[in-house]
């Protein structure tokens, strides 16, 4: 009966893409359900997975909206 | 002061509908608030209810996106 | 496949009790699962319920720990 | 490594606005990250903030959808 | 910056054990962080994992506390 | 009606302390409630705050339990 909640920013992994693809979501669902089966012996049928996509403006890191945080990190280490 | 969070897939209950209706949401809010009052004596005014609708592609069951999981269940038992 | 999460303070409903009883928890589980069945047609077997009991010192309302908030409310209206 | 989750209704603070502004979100992220730093000594870089905007129809208070609850409160106290 | 939350019942995987072991928790943390890296390219250092262990009396399935639900399932299929 | 959830590891801020103090929790509750009032105009009485303390063994960062992650960071930068 585990519940796995995966929160990620709503953005694509490839340049020019703006969303997770259905294939990526299916891979997250499959992988996390199998993890619970392999580590704790939970049957696949007893695991729920919920993927929450969060707009980048709604995600904060380092006291800043995450895209601003990334820009500063790059410029600091560049 | 209870908080009730209800997570459901974003889909209608009647064929051809794609969303929970306002009436269904109001019934979930009323029913869960009354449950907390009846079982634990919590005043209605002290309960918050949050309904989270999750896209079907973002919900996993049995290691699969939920619509794929349902299709396989039907074909197994059909 | 709904998930219902019920967050309440960890305290008893009767004077001198410090915890929710097993009967109260069972009633919350039964009531919220039946609500999802009655309003949205979800089979009982497809609903998970998680009850989270939160220490009163970890719950805030009105900018105060909840027990302090309750004391002030009583003295204001007394 | 704290995680701060802020759930609010999806509505603007000024009349005629329908959404939180980017400035308001940035202020919530900054303020809550600084709070964790000031109270618990957590470095800004170790705090995540997630803002969840919930449609008003999906938020319940007093056993009612929140906008209905507000209307009744106003009429009671008016 | 993903956040993975894993909710499981607080019980051991081997007969006579009552808790998840530190090794099992480490495996869940490692596996889910690597999943986010492999599927979405997220650096390990940017993923938080939170494991929430829920008392079996606080987890409901099928309208019942989960241990009662399991007992009935076994007797039905036995 | 906002809800602020603050998740932190269960450990003290001073050497030799193992828990958040009541004063620290009250400061988190006060600070986050005032933040919602100052930024979004939410009345203090309409904000709930929930503090979740998570055992360090149940918190992962960088693919490792957080205390192991911290040890490696220190040795890398030492």
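First chain written, first letter: the chains are A, B, C, D, E and F, and each begins at residue 1.
What we mean here is this: a contact is a pair of C-beta atoms (placed from the backbone, for glycine too) under 8 Å apart; a residue touches a chain by one contact, two chains touch by 3 or more.
The shown structure was predicted, so the numbers you read here are calculated from the model rather than taken from an experiment.
Where touching is counted per the definition, the chains common to subunit C and subunit F are B, E.
Among the remaining chains, those touching subunit C and also subunit D are A, B, E, F.
Set against one another, A-B and A-E show the most C-beta pairs in contact at A-E.
Under half of the residue numbers at the subunit C-subunit E interface are used by both copies of the sequence. Ranking every chain by how far its Cα centroid lies from the centroid of subunit E, the top place goes to D.
Between subunit B and subunit C the centroid-to-centroid distance comes to 18 Å (mean Cα coordinates, whole Å). Separating the centre of subunit E from that of subunit F, both taken as means of CA atoms, is a distance of 22 Å. Remark: subunit D and subunit E have CA centroids separated by 29 Å (rounded to whole angstrom). Contacts with at least two other chains are made by residues 1, 3-4, 7, 28, 32, 48, 50, 59, 61 of subunit E.
Every pair of chains meeting the touch criterion is listed here: A-B, A-C, A-D, A-E, B-C, B-D, B-F, C-E, C-F, D-E, D-F, E-F. Subunit C contributes residues 1, 3, 48, 50 to its touches with subunit A in the complex. Residue ranges on subunit D touching subunit B, taken from their complex, read 7, 54, 57-65, 68.
On the subunit D side of its complex with subunit F, the touching residues are 1-9, 13, 20, 24, 27-28, 31-32, 35-36, 38-42, 59, 61, 66. Considering their complex, residues 4, 22, 25-26, 28-30, 32-34, 44-45, 47-53 of subunit E touch subunit F.
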